[in-house]
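Same chain, two partners: chain A is paired with chain B first, then with chain C.
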Partner chain A sequence: MDKEIPIKSPSTASQIIDGEAVIIVPSEQMVNVLNSVGCRIWDLADGRRSIAEIAEILTREFNVPYKTALKDAIEFTRDLAEKKMIDFAGTGEEKREG
Partner chain B sequence: MKNELKLEVAQNPICLNVSDPHFLDQIAESYRGFFSDREPKVEIEIHITHEMHHSPSTDGVVTSDGRVIRISDTYFWGTVDLDRGKGKLEVMPEWLALSLKIFLRYVFALLHFLSGDGLILHGLSVLKAGEVYVFFGPSGSGKTTAATLSEGHTVLSDDVVFLRPETGSFWVHPTPPWGDMQRGERENRPYPLKAVFKLKKAEEIGITQCNRVQAISDVITFPPMSTGIIRADKLLPRFLQLVKGVPFYELRFVRDRSFWPCVDASLHKTGTKNAERYTHGQRNTH
Partner chain C sequence: MKTHTNPYKRIIKKTMDRLIPFTVHWELTYQCNLQCPHCYVAPQNSREELSSGEIAGILDLLQERGTLHVIFSGGEILTRKDFFDIARYARKKGFALRLLTNGTLIDETVADQIKDLHPLSVEVSLYGSTPASHDRITACPDSFKRSLEALRLLNGRSVRTIVKSLIMKGNAGEFQSMKALAQEIGSQFLYDTVIIPKMDGSLEPCGNRLDREELYSVLYPEVQKNGEDKNPRGDDLSCCAGVNAFSISPYGDVYPCMGFKESGGNLTKKSLSEIQHSPIFSKIRSITLSDLPDCKECELIQYCNRCPALARMETGDLLGPSKADCLLASVIKNIIDDKRKQTVKENQVRRPI
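The block that comes next holds the complex of A and B.
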């Protein structure tokens, strides 16, 4: 799971407002607001970084243990995927092989 | 006998061509005040028949194939081709008024969204002293009550509110009486928007200004069309512009005459003390 690469679903649209991310998912008629950490994960879900790489960045920027950041990033991206806000673009190994 | 009727809502003119001229007066009566003499963007053939050639949906459906929209409900079937500027509506005579109301609401909403930076909210708009107050909220939040408490003011729209930014402000366009709460005299032209209120029925009145994140997450209304036509990346910036440019409040209200004094106090500097009083949950018993 930590090697998977999250990418924002193309059907969503988002704006950062006052440090929070407002994301709309028209197909689900849904609006989501993410706090600063969620907002950063959303920002980093660019289809290039794996969840492990995102967790490394969170560890540095939010001064949390890597293990905690990784667990949070896995759970959070899984939640976003269930809400059809992100897709997984494959794994880091596939990226390197490609 | 001429069978056509030209209508205009939110500066979008359309033309209805009715198969049976006897129904023309009935339609004209419902859309009085919205007649137009401008070149229509869409011409719609209305075929009134007891024998439907298409199968209507039982629960209301809007679908699209490219820029062709199909709208159907229990008693009608309609389509609009945006590129050709042509549309059709097939409807049973006994359901003409209701079907036309549903169909045209979709058509005008679509045209409004696709022209300029149009925005649509589900709600109520009230014209008071030349400015518009918009009230929105989920079903049961008190829009009907707010309309009832707006005696003496003009209810511009009572179902969907059509807004558009222009010259640094937002403007509200009147709609035909698609709900049942419209009243008062108005022209078919835009009026300036004063503020937006999210309604919440409560035991005690109170009013709180919303921050922009709260405002945008509450107010976003998804147009009832395929996302292939109404794109998310067009929708969000328009609502963001709205919440940046217009004050948003959560209005907790009770069904009495404190409603408008509370609204006014929130907006006028002279009423600051009153506004503060309201935010602490005290009830105006005037």
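The block that comes next holds the complex of A and C.
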């Protein structure tokens, strides 16, 4: 799971207001607001970084242990995927192989 | 970490407090292939509409300034050959799109292109439940058939569609059948009964407005006897025009809202901040109930959705009452009162001796 690469779903619309992400999923007619850490993960879900790489960045920026950041990032991206806000573009291995 | 659905209201408040243009209504063109008599548009033919390059530049600016919702309307948006270039660019910038169209230019290919935009909604104007009534209003043969086909094509692609209707003299008798038709094809139905004057000041479109009796009979089945149709704002008559929302004309002029045709400036000449702090924007934002001499003591205030733009267009007075809004509020109050009386009567009859 930590090698998977999250990417914002192309159907979403989003804007950052004061460090919080407002994300709309048109197919669900749903608005979600993410706090500053969630907003940073959303920002980093660019289809290039794996969850492990995102966790490394969170560790540095939010001063949390890597293990905690990784666990949170995995749970959080799973939650976003369930809400159709992100897709998984593949894994780090695939990226390196490609 | 959690996702939240409720803090949206807090975000909206923030956008209002900080004048973040969260919602922008953009009239991309005043060109249209229909000729509806109630239309407020009066193109200034001597002026050039913005190019797609200019529009992209403004979209960049809006993205930086915090806009999320962009409503594209016209005229008819699909008369612009570059519409999909503009719309795709807007989506690339992350905006949530609502598209307002008459639907007549939507075929299979266009419907596919719209689906790929993932719009929040496509809102199609319909003015009758039959070809005869709708085409008479649009002055365009086959427009009913084409608009309905567009709705079917979009619904078939799981695009959320809304049938939008203006209820007026030529179609009041078909209000319920239009509603049923929308439901039958899987679209939401929204309606309005207020026709606004033309943007050049002409009151001609308002001649199509319903009178009191017609409004009463159209709205009677719609209004709830428990008063749910009361203005949810209570006695707060402020609106988001010029606060966290504004409108852009095809020429780049920026208005507090699409009905308020007094520009705060043109985006090709002035900064957004200058426009937001222009006299007309500042004036609109400063209005409170106590500034409205006729409205502040009005008994209909709980039923009223006063629009300052409409008041200005009808009477020239930004602080005066709007004739159309007063009539609507009065009819809603009458219906609620009549339904309550009827309920009391029914209860009295049914009460066991």
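The working rule: the second predicted complex is superposed on the first by the 98 of 98 C-alpha atoms of A that agree within 3 Å, B and C clash if a C-alpha of one lies under 4 Å from a C-alpha of the other, contacts with A are read in each partner's own complex, and residues count from 1 in each chain.
Criterion: a residue touches a chain if its C-beta (ideal position, glycine included) is under 8 Å from a C-beta of that chain, and two chains touch if they have at least 3 such contacts.
Treat the numbers as computed from the prediction; the structure is a model and nothing was measured.
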When the two structures are superposed on chain A, do chain B and chain C clash or fit side by side? clash
For A:18, decide between first (touching chain B), second (touching chain C), both and neither. both
Which chain, chain B or chain C, ends up touching more residues of chain A in the combined arrangement? C
Quick one: is A:31 in contact with chain B, with chain C, with both, or with neither? Answer first, second, both or neither. both
List the residues of chain A that touch chain B in one complex and chain C in the other. 11-15, 17-18, 20, 22, 24, 26-27, 29, 31-33
Partner chain C, residues of chain A touching it in the complex: 10-18, 20, 22, 24, 26-27, 29-35, 37-38, 41, 72, 75-76, 79-80, 83
Can you tell me which positions in chain B touch chain A when the two form their complex? 211-213, 216-217, 220, 222, 227, 230-233, 235-237, 240
Which of the residues in chain C end up touching chain A in this complex? 1-8, 10-11, 14-15, 20, 22, 63, 66-68, 91, 94-97, 118-120, 158, 160
For a test of understanding, state which residues of chain A touch chain B in their complex under the given definition. 11-15, 17-18, 20, 22, 24-27, 29, 31-33
